[in-house]
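Below, chain A partners chain B and then partners chain C, in two separate complexes.
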Partner chain A sequence: MSDRNMEEKVEQASNSKNISLPMSRVRLIMKSSPDVSCINQDALFLTTKATELFVQHLALSSYKNGSGKGSNTLSYSDLARAAEESETFQFLTDILPKKILARDYLKSLEEMDKDDDNL
Partner chain B sequence: MAERPEDLNLPNAVITRIIKEALPDGVNVSKEARRAISQAASVFVLYATSCANNFAMKAKRKTLNAGDVMSAMEEMEFERFLQPLREALEAYKKGQKGKKEASEQKRKDKEKKNDTDENDKSRDEEEDEHMDDEQEGENEGEEEDVEN
Partner chain C sequence: MDGDSSTTDTTQLGITGEYMTGGTYVLQTQDDDGDESFNDHEDGNGSKDNFREQDIYLPIANVARIMKNAIPQTGKIAKDAKECVQECVSEFISFITSEASERCHQEKRKTINGEDILFAMSTLGFDMYVEPLKLYLQKFREAMKGEKGITPVTVSEGLGEELTDDTFTGQLPAGLITADGQQQNVMVYTTSYQQIPGVQQIQFS
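Coming up: the complex of A and B.
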């Protein structure tokens, strides 16, 4: 009984400042990169923790600079804008493309055609 | 190696919880936004890994270590993460140490249980004493480190 109490205490102490994402999954993602051979435990822990901080940071700064602040919502377009406008989130532009209406896209295609003609 | 593409996603429930905790109470996060953040997190892991790996390669090491990850964060302009990361790593190391000690303690207690036939109450008292011993031992260890 007291054994279990102590284990719980240790567990709590280590969880309180620790991580909620599974390290095994993060390791799997890291290992999917072909150049990586070995990852030490501290490096894995740090990457996992950094990913959590990143998720918080991305969510909060997108929300703060987003358009949905009045209606208390965080939407995709807020994230896409963050990726486009913030220097540190620039690497996300490929997976967070800005959505545009089909008619706007067609218009921009036409304009590109015109530009080509001019050249 | 990942066998299915889903294996490279982070668990949605956990990501959702982290987002909820980061935002003020009552903010709705659209499903699309949640999915996008989750994908962004996977890309972040890959980007950080590749940056960290460059540092390891420069130093002619095959194993990524904590310093590589920290350097990667700086290069990615996430300096704001450095301090919280340092603190978390310290807490994590302490936790790991504590776990080890707890399991050693468990083993010792087991041995003792076989030796003596005392009731639960006195066993509890003994354990409290042991915890004190352990703390003293830890402090001594730290002092030694400083001296060395």
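Coming up: the complex of A and C.
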């Protein structure tokens, strides 16, 4: 049985068995980690399914935290807040930095320049 | 746009009205260049060489659908939140994979198996997923067996079919579109230049 045949069978099975993410793409992402050689089929399935659970978990947690403000829209800052406040999502803090208004950033840049001038 | 990504026009920067103090900051710019078309495709092809490793994402439509089904019916999701979760997902996969991979190495094994993944999740604070995942795995295995009695096989970088001498003695038919736009059937001779009666000759115009 060639690899390609195998992957097709896996995709067919996963289509009928409750997976809504492409396993081939998950595999690509896994293989981009250093030192990863072979990934067995169970591992690929588990990772894909876990990723679905993760998306649900992250979306719902963030949404619940945000809806206290009366908005029913899940926003970027809801996600950033979840990353900061939840231990489970701590690993996301590097890729979810908080945003700042451009004019405030530019103002702080100007102030830094002024300080340099005064030296 | 003049190619320089910096701008002082706040509308172009697309900054929202909220901001917070402390920590690192990022200025949100307009649409990213390059990788969006790949990330939106549903298929999984594309060699690693064509894009940076950190830009491999799952298709945003799939991710958005899962998010939508997770939150209450009346809820909405901002576009930048969808893109953000897309990135978080790749981060999650890498996070789990490197932990599992490390354990494999420590135990001198080359193939990451299901146990490694489950163990990694437990270690990294996702042990609430482990039990449900075991059930899903059971169902999946049953589904796989049901598909014409296949036994599970390691999905790895296997070798292609073995090439024997026989594969080179035949002639490979090929259809070519020639420079003037006409299609010709061409016989490609691989090992010998014998002219076989009844077979169309290669024509060079």
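The working rule: the second predicted complex is superposed on the first by the 81 of 119 C-alpha atoms of A that agree within 3 Å, B and C clash if a C-alpha of one lies under 4 Å from a C-alpha of the other, contacts with A are read in each partner's own complex, and residues count from 1 in each chain.
Here is the rule we go by: contacts are C-beta pairs under 8 Å (C-beta built on N, C-alpha and C of every residue); 3 or more make two chains touch, one makes a residue touch a chain.
A quick note: this is a predicted structure, and the numbers were derived from the prediction, not measured.
Novice: Of the partners chain B and chain C, which touch A:Leu28 in the superposed model: first, second, both, neither?
Specialist: A:Leu28 sits against chain B and chain C alike.
Novice: Using the superposition on chain A described above, determine whether A:Ser20 touches chain B (first), chain C (second), both, or neither.
Specialist: So A:Ser20 meets both chain B and chain C here.
Novice: Which partner reaches more residues of chain A, chain B or chain C?
Specialist: Of chain B and chain C, C contacts more residues of chain A.
Novice: May I ask you to decide whether A:Ile100 touches chain B, chain C, both, or neither, giving the answer as first, second, both or neither?
Specialist: second
Novice: Should A:Asp42 be classified as contacting the first partner (chain B), the second (chain C), both, or neither?
Specialist: both
Novice: Identify the overlap between the chain B-contacting and the chain C-contacting residues of chain A.
Specialist: Residues 1-3, 6-7, 10, 13-14, 16-18, 20-22, 25-26, 28-33, 35-40, 42-43, 45-47, 49-60, 62-63, 72-76, 78-79, 87-88, 91-92, 95-96, which sit in both footprints.
Novice: List the residues on chain B that touch chain A in their complex, please.
Specialist: Residues of chain B touching chain A: 1-2, 7-8, 10-11, 14-15, 17-19, 21-23, 26-30, 32-33, 36-37, 39-50, 52-53, 57, 62-66, 68-70, 73, 76-78, 80-81, 84-85, 87-89, 91-96, 98-99, 101-102, 105-106, 109, 120, 123-124, 127, 131.
Novice: Which bits of chain A are touching chain B when the two form their complex?
Specialist: Residue positions touching the partner: 1-3, 6-7, 10, 13-22, 25-26, 28-33, 35-40, 42-43, 45-47, 49-60, 62-63, 72-76, 78-80, 87-88, 91-92, 95-96.
Novice: Along chain C, where are the residues that touch chain A in the complex?
Specialist: Those in contact with chain A are residues 8, 10, 13, 15-20, 22-28, 42-46, 48, 53-54, 56-59, 62-63, 65-67, 69-72, 74-78, 80-81, 84-85, 87-98, 100-101, 105, 110-114, 116-118, 121, 124-126, 129, 132-133, 136-137, 139-141, 143-144, 146-147, 150, 152-158, 160-161.
Novice: Hey, which residues of chain A end up touching chain C in the complex?
Specialist: Checking each residue of chain A against chain C gives 1-3, 6-7, 9-10, 12-14, 16-18, 20-47, 49-60, 62-63, 67, 72-79, 87-88, 91-92, 95-106.
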